[in-house]
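These are the structures, in C-alpha cells.
You will see two complexes here that share chain A, one where it goes with chain B and one where it goes with chain C.
Coming up: the complex of A and B.
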C-alpha cells in the first residue's frame, strides 16, 4: 500500500460502497419491520418448520447429487477433447442462462408427456410395488412431490457445479497427472490421489455455490411441485404463501432467516479456506 | 541391447510430427540430447514414458518392447521441467507416492525413503510442503521421488532450467554421482552446454 494511489483507490471504492449500501439497505428494510411477536409466531408455526427442514434436506441432497455428477463431468470436459466436446460444454451452460421457469416447464413436460418421464414418475413406483406386492397411492415421484423439488434443484445446480469444478481442473497442470502415471499410479489412482485432492477447493466452492443457488429456487419448483403445505412446501414457497395470505411480516421473517443462513454459510466457507469464491 | 532402443519411431500431434526417428542408449549410459526448440525432444521423452503413443516404430527398454505397456507399468523415472511435486503432499509423502502405488509394506517404504533421502540430503525438507521450497530443493525432491523405486531408466526434461547457476552445478554433480551409483540408463534433454559437459557420457542432437 502506498500513498500515491490513495485518491484513485478511493474513487474506485465509491461504486463498491454504494452497492454494499444498497444490499444492506434492502436487508435492513426487511429486518426493521420484524417484531419479536412475529418471530415467535413463525417459530410456533409447524408448517414453516416443516418447510425449513424440507428446504435444507432437499437442497443438501441435490447439491451432493450435483457434485457427484459434476466431478467426473468437469474432469472430462477439462482434460479430454472428443467429438462434440465444445457442444457438450455449451449445453452444460444452458441451465445457467435459461430462465428458471422455462427449466421448470421443460421438466414438467418431460415427466408428464414422455414415456421415460412417465415411467420414472409413476411407472417405476408401480413396478416396484407390484414386485413387492404392496399398494401404492396414485401420486408420482416427481410431479407434485418432493422428488420434483430435488430434480429441479439438481438440474439447475449441476450446471453451476460443473462450471466451477471444470475451472478447478483447468487450473491444475495436467503434467501432475502425467508424472503420477509414470510413478506407477493407474488412471483411477491418479484421479483419486492427485487430480481430486488438488482440486478440492474448487469442489468445495462448487458445493457451496450450488447449494446457495438452489436453496432460494422458487419458480420452476412451484411449476412442477405446486405449493402444498406439509408436502412440497420449501422456504421460498413459504414466503409466497405467507405473502399471499397477507402475512407480510411472516414472509419477512422467513426471508431474513434465508438471508442469514446464506451469509453464515458463505462466511464459514471463506473462513475454512474456500478461496475460489 | 539393454538400455533404450528406439527404431523408426513416428508420431504426429497437430502440425508437429516426428518421422522415422532412431536412437540407442546403452545400459547405464548418461545420454544428453540437445536440439532447437520444437525439434521434438520433450515429445520423444513422453513417447518413451508412454504418455504419448507412437504411430509406428518400436521402443525397447532393456530389450522389452514397451509400446503396448501403459506408463504405470513401465518402471521409469520421469522428471519434467518444473519437477512438479504434488502440492497437496509433503516432500516425504511425495517420495513415498511411487512406493505406495506399488503396494509395498510400510517397512519397505520407510527403508527405501530413508535410503534415497540420505543420498540426496533431504532429511531437513521431509515435512515441508512444496510451496515453501526453492527451485533446487524442489528438483532434488522430484529426483528422489523419481529414483526411489529404482526405475529401469531415468527421463529428464530440462531438469535444471528453473535452478540458479550456482545451485545448478551442485545439482548436476549430485545427479551424475547418483546416476553412476545406481547405474541407471538416463536420457537427459537439455539446452544448456554446462549440463552437457558436466553430465554426458554421450550426446546427440535432435533435428
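Coming up: the complex of A and C.
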C-alpha cells in the first residue's frame, strides 16, 4: 500500500471514528453515574427481576413466532409470482415504515372496538371457561395483559424477519431445488433438505434482527398493555416508571443492564451464525 | 444547483434555530392534566404580552426530575405533592395554589353504570391511576379502603396506568368500561363521557402520598417559580398573571 491511499483511507476513517466515539461516549455518560449502591438497591427489588424475565420470555416467544411465519412467507415471496404478489410484498414493508406508536394504536383499536378483536381479547377466555365448566375472572388476553406485549412485538418484528429471510432465499440459486426435484425429491423434501439448510444463516440473522428490534420496544406496548408492576412490566417499562418518579439512577442501572444483555445475546448469536452476520 | 439548494436549506435551518431576541422565552413545565386551562391562559397572555410562552407537558414527577437534572424551566405547574416537594428540595423559590382537584368516575354516555357502587358489579373493566406511582392512584386506593364495596371494586381493576387523558381515551374506545380520573380532565371529554362523583366521605383527609404526607381530600394544583428564574421580571409577570386568573382553572372544573 502506498502513502497516497493510506492518507485517503485515514480520511475515510474519520467519520467512523467519530460515530464510534459518539456511541461509546453516550454509553459512558450513563455508566459513570452509576454507583455500587444503586446497582444493589435496583437488583434487590424483585420487580426488576420480574420485569427482566417477562422481557426475555415475551421477546423470545415473539421472535420464534415471527420466524415460524417468516420462513414460509419469505420462501413464497422469493420463489413464486402470483396474483398481487407485488402488493403483498409491499404490505410486508408497512410495519417497518409505520411509526411504532401508530401500530400500537391500531392494535389497541382492533382489540377494543371491533367484534372479532373483542372476542379474541375477552370472549375466547369466557367461552373456553364455559365449555370446560369453570368460572373465570380473567380480564382478557391482550389489552392490559401479557398477550398484548407479544402481539405488538410480533407485528413489529415479523416484517423484519420476512425481509431478511426472503433475501436469503433470493440469494440461493433455485437450480439446486430444480436438480433435487429432477432427482425425485418431493417439494417438501426439497424444501427441508435443500432450501432451508442453505438459508439457515439468513434465518438466524432474521431471528437476531427481530429480537434486537423488539427487545427494547416500549411506546406501542405502553399504549396497549399499560405499565403495571408485576403484570405488564418489561425492562423499558421499568426505566420509564423509575424515571417518572425521579429515580434517575435506578433508570440508568436498568438501561445499562439492557445494553449489556443485548451485547451478550448478539455476540452469542453471531458466534452461532458464523460469518454471515 | 446543488450548492444553492444546500445553502438554502442551511439558511432555513439557521432561521429556525435563532429565536427572536427582542422577546423573552418563558419555559413552563406543566403537568399534562393541566393542559386545558394552561392553553387558555397562554392564549389570554398572548393578547397582552409579546413574550413567547413555551409549555412542556408531562407527568408531574417526570417534570420534577427534569428541573433537577437540566436546571431548565422558569415555571412549574403540577398537582400535589410535587410543587411543595420541589420547593423542599430547593428547586422552587415561591409558589401559589391555583385550585383543587377532585376525582370522578368516567363512563361512556350510554353506560349502565350510574353510581360509584355500581363499579362493584362483576365483570366491569375499571382503570385507575397507578397506586404506587401516581397521586390519583393513592386517592382511589384510599377511597376503596373506606367504601362499602371497596374489595369488589378493587377486583374489577384491570388496569393501573399513568395519565388521565389516556385513561379517558381507553374508556372512549372500549378498552375500559369505566375509569377514575381528575374531574378537570373529565371535563375536557364532556361530549363523549359522563361523570359520576366519588362520595367525599370515602376519602381520608391526610394520608401518605408519593413523597410526603398529603391531604387527599384537597389535592392542590400549584404554580411555582424555579430558583434560577426568581429574579427574572418577565417570568414574575407571567407568574402573577396566572395567579390572578384562578377563575380559568375554576371554569375547567378545579375547585377553589
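Everything that follows uses one rule, which is that the second predicted complex is superposed on the first by the 267 of 277 C-alpha atoms of A that agree within 3 Å, B and C clash if a C-alpha of one lies under 4 Å from a C-alpha of the other, contacts with A are read in each partner's own complex, and residues count from 1 in each chain.
Quick note on the criterion: contacts are C-beta pairs under 8 Å (C-beta built on N, C-alpha and C of every residue); 3 or more make two chains touch, one makes a residue touch a chain.
Not measured: the values here are computed from a predicted model.
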Exercise. Answer with clash or fit: chain B and chain C placed together on chain A by superposition.
Key: fit
Quiz item: Regarding the shared-chain residue A:79, is it in contact with chain B (first), chain C (second), both, or neither?
Solution: neither
Exercise. Would you sort A:193 into first (chain B), second (chain C), both or neither based on which partner it touches?
Key: first
Practice problem: Using the superposition on chain A described above, determine whether A:173 touches chain B (first), chain C (second), both, or neither. | Solution: first
Quiz item: When the two structures are overlaid on chain A, which partner does A:182 contact: first (chain B), second (chain C), both, or neither?
Solution: first
Quiz item: Once both structures sit on top of one another, what is the angle chain B-chain A-chain C taken between CA centres, to the nearest 10 degrees?
Solution: 160
Self-check item: Minimum C-alpha separation between chain B and chain C after superposing on chain A, in Å
Solution: 42
Self-check item: Doubly contacted residues of chain A, that is, touched by chain B and again by chain C
Solution: none
Quiz item: Can you name the residues of chain A that touch chain B in the complex?
Solution: 173, 175-176, 178-186, 189, 193-194, 197-198, 200
Quiz item: So in the complex, which bits of chain A are touching chain C?
Solution: 108-109, 111-113, 118, 137, 139-140, 143-144, 226-229, 241, 243-246, 248
Quiz item: Considering the complex alone, what residue numbers of chain B touch chain A?
Solution: 46, 49-51, 70-78, 80, 82, 84, 86-88, 97-98, 101-102, 145-146, 149, 155
Exercise. Would you mind writing out the residues of chain C in touch with chain A in their complex?
Key: 59, 61-62, 64-65, 68-69, 122, 125, 130, 132-133, 155, 158-162, 170, 173-175, 210
